[in-house]
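The structure appears below as structure tokens.
Note that the chains take the letters A, B, C and D in the order they are written out, and that residue 1 is the start of every chain.
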Amino acid sequence: MTMSSRADSSRADNRTLTYGEAVFEATRSEMARDPSVFVMGQGVDDARGMFGTTLGLHKEFGPERSFDVPLAEDAMTGVGIGAALMGMRPIQVHQRMDFVLLCMNQIVNMASKMSYMFSGAHKVPLVIRAIIGRSWGQGAQHSQAFHSYFMHVPGLRVVAPTTPHDAKGCLIQAIRDDNPVIMIEHRMLHNVKGVVPPESYEIPYGKARVLSPGKDVTIVGISHMALECVRAKHLLEDAGIDAEVIDPVSLSPLDISTIAASVERTGRLLVVDTGWLSCGASSEILSETFERIGERRHFVAKRLGYLPTPCPTTKILENLYYPSPQSIAQATYRLVRGESAPAWVPGKVDSAEVAEFRGPF
Amino acid sequence: MTMSSRADSSRADNRTLTYGEAVFEATRSEMARDPSVFVMGQGVDDARGMFGTTLGLHKEFGPERSFDVPLAEDAMTGVGIGAALMGMRPIQVHQRMDFVLLCMNQIVNMASKMSYMFSGAHKVPLVIRAIIGRSWGQGAQHSQAFHSYFMHVPGLRVVAPTTPHDAKGCLIQAIRDDNPVIMIEHRMLHNVKGVVPPESYEIPYGKARVLSPGKDVTIVGISHMALECVRAKHLLEDAGIDAEVIDPVSLSPLDISTIAASVERTGRLLVVDTGWLSCGASSEILSETFERIGERRHFVAKRLGYLPTPCPTTKILENLYYPSPQSIAQATYRLVRGESAPAWVPGKVDSAEVAEFRGPF
Amino acid sequence: MEERTNSPAARLYRSMYLIRRVEEEIIRLYPTDKIKSPVHLSIGQEAVSAAVCDHLEKSDVLFGTYRGHALYLAKGGDVPRMMAELYGKVDGCARGKAGSMHLVDPSVNMMGTSAVVATGISNAVGAALALKMQKSKAIVVCFFGEGATDEGAWHESMNFASLKKLPILFVCENNFYAIYSHVKDRLAGPGLQARSKAYGIPAELVEDHEPMKLHERAGAAIAAVRRGEGPRFLECMTYRWRDHVGPGEDRIHKYRPDEELNAKIEGDNLKIVGELLPADQRKSIEAAVEKRVADAIAFAEASTFPEDQEVYDHVFAG
Amino acid sequence: MEERTNSPAARLYRSMYLIRRVEEEIIRLYPTDKIKSPVHLSIGQEAVSAAVCDHLEKSDVLFGTYRGHALYLAKGGDVPRMMAELYGKVDGCARGKAGSMHLVDPSVNMMGTSAVVATGISNAVGAALALKMQKSKAIVVCFFGEGATDEGAWHESMNFASLKKLPILFVCENNFYAIYSHVKDRLAGPGLQARSKAYGIPAELVEDHEPMKLHERAGAAIAAVRRGEGPRFLECMTYRWRDHVGPGEDRIHKYRPDEELNAKIEGDNLKIVGELLPADQRKSIEAAVEKRVADAIAFAEASTFPEDQEVYDHVFAG
């Protein structure tokens, strides 16, 4: 299925790439531009090339610039930091964000603090790509999302692009940044197509994208959930509800102005996260919006995300675990029409990237 | 300085202990009651005994039941989990919460999921005590608080008692729980005195404590900040503001009913966390309160916590980094009287536990 | 785990044949999409689980990985409940919440397996610590791949197990690869035996294609652990015939030479053990196994999916 | 780092005497509360930093720990800015934001130190990787205590450094204790040399009280690393005279025998090196150092505290 962010639908060049191809293109072009950029990660140089995002880079740029590493997430993160301290620009890739839990010490205690702790004597131009898994029985340990962990920590930048266009621009921006950047990818997005300009461009931090304007309710969807929210918006048309869908793109810094301005118009906010709610990105977005406009503008808000449980493996329960276009539409309907409104059953819509996924990972 | 939670001021026995002594008493009494309870951690059996909280337990119960471990946070957490799987009840202690970043994989990928992933075939009765550091130049790596990381994850319980009374009861409850519990302690609280009943008792999860009632504004203070909020309350009296101070005690599950009921009365909420704001406990408390009563009750809210920077070492900057009774009072004054109200300068009050602290840790 | 009256070869063959056949059935069933989860097959590696577990009692505690079918079966795990688990059915060993990567059977002390590499190792060490504290006669056996030894968790776990002289046998299934990454591209120096000894843990390597020797050496190592001599380390050279994950072959990826794989398939350990048995005994073992496997699949097919509300169950114990 | 015209003994004495005197001054000043932060003193351990760093160029990159005064000084770090940093003043090497635990001086490639045990080790390995990629002639030297080798990070770092044959010297200051915990209660097996060799990294142990031999062996190890022979590991036996942290003694805690400590103080390495020099040369070195130390303290006293708004500076680079 195809998705193009309105911002680009005007452009002449309508070349489409998958999200994975966009990530590859960004990496490859930056490696060609700057010899200090290199890729390290488990399997980045193997026959699958991290879902294609690093495929063959070791052949094009040599084995020193794209290489496999031992299963040693903690030290490999530290190695990336150390190389960055010496002026290199490492890109590290984690097949699953679940494994990044092994890197927390280096990311939080070291990378995020070096510029500050040493008053600018050190800088850490490091990019960490973390892929959120889902579907086909990933189970509790291959399906987690921890973007809120990085949003919590000063000194880190966090981006979670949804469209191929933004994936390319965010990654280029991240690689050129002198600071540690966590790039959140979602496995369900890798095969999604969208318009991607061939030339090089950067997506600035702290700029949210209105994926689809609307007047009745503001739906903020993070990463893959932005896609599901766009589908929910279409379902909602059948209930006569016109939803505005916003993709934050950049989670830290967060563009709360765009979100708050929208809520100021609609008076309703639904935040849909690809993660758990408690102390999650959704709580931050809701809180900042309320702090920003709550005093002068009454509004209602709700959060949707993973169920407050680990992720079950069996498909029948896994389906309940994730927000779907239907559940998003249903929650939006209630938010807009109230609990007393007559029952409404959203239509069916197929999330192809989920339905077609056969993994294995 | 002394602090007693009202809930107990009625009781005949007015024995006071420090927070550290209360933690020690809870540990010792549970070890005496149940042979499966044991303590493991760096330095727990040394001459300082983890700030006295484990002092001499190895002599009283033998070196198998309170022992030092290598500097290996990841595996030692895993060892605790493995022992818990076999029916033991380990208590692990981390001198600083900063080091718990090395344990995230075991805590989140393993401990929090075992009951669910194996549908009850396994349980993990593990207690992890994590101490938040502050003052005397702890710097960026010995001062962090990550309670929100654990609040984010289903399958974990998180308690952050403020009073010696609650410290004892929370720890006893945690030790007897068949699930992994993270107990958040604050170094500044260890020497604070309060009334502690000698007998054994449990503090239930999900029950917040109103430390001091009031009608104008609801101030929620977490861990050490609850103490600072009580001081701010006294400063605010001079401005004619009557603040209600609530200590959540249990962070996961969270007693939002008590907080929401208070805000419903006061119409104003200030959450003061001993940690960063973004995706922190303060954002969750604000969000849940808003979701609970926002539709029917207009209120204003604000969050206070660490500055959005790493913690600076030099005292003069460190003082700015933390909320103080003055800054809490000032923020509350603005929240209640509005931005246009005349300037008001809170009185000085001495946070003895901070001023007197000479560490080194 | 089965009746000891049989010869070791017979017990090994029964165990290995069961593993082989169960996984062949998984390969056969996979295209039906009834198994909606990743599967990490042990075909080619059966001998290690079978040989080690033959020396274990029910009470001995076993920790393994996502590549856990062989281990679960060798320890005597319930076959029907394993198949139902792969089907995501409510009669699965974890009611469908675990799937292939997290098999568990407390009735035989087969602990739930982890899909995060090396994370089960320190848990195994902790279990051994508990057994020692509880003065139990049981021991712990901990399986992992050679890739897991890259992890700091392995270092910390080996050191602590040795420090406390814990009753644990570490079994490394060295199949040369971590996904498509060869061990020589990840492991520096003289190898795992030297590393193990540097922790004060006696280590031994057993080559592939010597299933009976493996059985004998595993027995010796386990006996030493039982005698309270502290941890032992066994490096078992073995080989994965199929793709790292999924039911298929992976020759197209060319990360390993075809000849290497062919030679391994040639020297099939199952054949080696089978040939040690009289034909009729082999036949009767195979017949019995075929029935068990067929029954297990029928059980899985007949089982139902969990009810919706089960999604909320067991987040917390008790 | 200073002019090489001097004899090694003279250079060592100058460096060791500077470290000793700076830390003695810290002890003297501490009760004034002007140094509002934990200090981890190296008194008794000066020889290791001095002997190793004497072989380094400015361009060589040094990683250390919170016990970093000696290293910072031996590498030629700016003394006045170090004292100002301990005072929390704006002229400190990190404008007061780092304190004693995080000294840094980029002008001599003294990298900022970490207070989280073992976390700097993989950073050092990464720096060595960068130097190799950049075809630099410089090398990396990474200091840590024996306690850091307990950590998985050490295992992963040693393996990777060996795997990539990186230009790095690992220097373990084995002072027997991690806070009050003895190495024998944390380290199982034959010891760190065996472990290092198990990663394929040549290792050597140098006993305490042989400062000139230490100097010579460090020189040999560094030369090998410079020749591109890959990593080397040097285990330097040493001893901390003072408490783990803070300016005081710690005999009251009785975690180590008084005789052990007394013997170490008896065999003071500073005295050993000093006696190798003619009295007048020793005196002139001491006089020069005394002046440097006095000037540094005066500088720190005279410096001011950072402005409030600096609390927001440098969260991000650029």
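Everything below uses one rule, namely that a residue touches a chain if its C-beta (ideal position, glycine included) is under 8 Å from a C-beta of that chain, and two chains touch if they have at least 3 such contacts.
A quick note: this is a predicted structure, and the numbers were derived from the prediction, not measured.
Undergrad: Applying the touch definition from the top, give me the chains sitting in contact with each of chain B and chain D.
TA: Common contact partners of chain B and chain D, which must touch each of the two, are A, C.
Undergrad: Going by the contact rule set out at the top, which chains touch both chain A and chain D?
TA: Expected: B, C.
Undergrad: Most remote chain relative to chain D, going by C-alpha centroids?
TA: With centres defined by C-alpha atoms, farthest from chain D sits C.
Undergrad: Can you work out the whole-Å distance between the CA centroids of chain A and chain C?
TA: So the centre of chain A lies 36 Å away from the centre of chain C.
Undergrad: Using mean C-alpha positions as chain centres, tell me how far chain A is from chain B in Å, no decimals.
TA: 32
Undergrad: If you average the Cα atoms of chain B and of chain C to get two centres, how far apart are those centres in Å?
TA: Those two chain centres are 42 Å apart.
Undergrad: Rounded to the nearest whole Å, what is the centre-to-centre distance of chain C and chain D, using the mean of the C-alpha atoms as each centre?
TA: Here the centre of chain D sits 46 Å away from the centre of chain C.
Undergrad: Please list all residues of chain D that touch 2 or more other chains.
TA: 97-98, 102, 114, 116, 150-153, 156, 159-160, 163, 185-187, 315
Undergrad: Hunt down the residues of chain B that sit against at least two other chains at once, touch-wise.
TA: Expected reply: 69-70, 72, 74-75, 98-99, 105, 109, 116-117, 139-141, 154-155, 308-310, 312.
Undergrad: Please classify the inter-chain touch graph. Allowed labels: line, ring, star, complete, other.
TA: complete
Undergrad: Please output the residues of chain B touching chain C within their complex, sorted ascending.
TA: 38, 64, 69-70, 72, 74-88, 90, 105-106, 109-110, 114-125, 154-155, 157, 178-179
Undergrad: What residues on chain D touch chain C, complex-wise?
TA: Interface residues on chain D, with respect to chain C: 150-156, 159-160, 162-163, 185-190, 194-195, 197-201.
Undergrad: Where on chain B does chain A make contact in their complex?
TA: Per the touch definition, chain B meets chain A at residues 74, 98-99, 101-102, 104-105, 108-109, 112-113, 116-117, 139-141, 144, 146, 148-149, 151-155, 252, 276, 278-284, 286-287, 290-291, 294-295, 298-303, 308-310, 312.
Undergrad: Across the complex, what residues on chain C touch chain A?
TA: 36-39, 88-89, 92, 96-102, 114-118, 147-148, 150-152, 178-181, 185-187, 245-246, 252-255, 305-306, 308, 310-312, 315
Undergrad: Which of the residues in chain D come into contact with chain A in the complex?
TA: Of all residues in chain D, those touching chain A are 61, 93-95, 97-98, 102, 104-106, 111-112, 114, 116, 119, 121-131, 133-134, 152-153, 156-157, 159-160, 163, 313-318.
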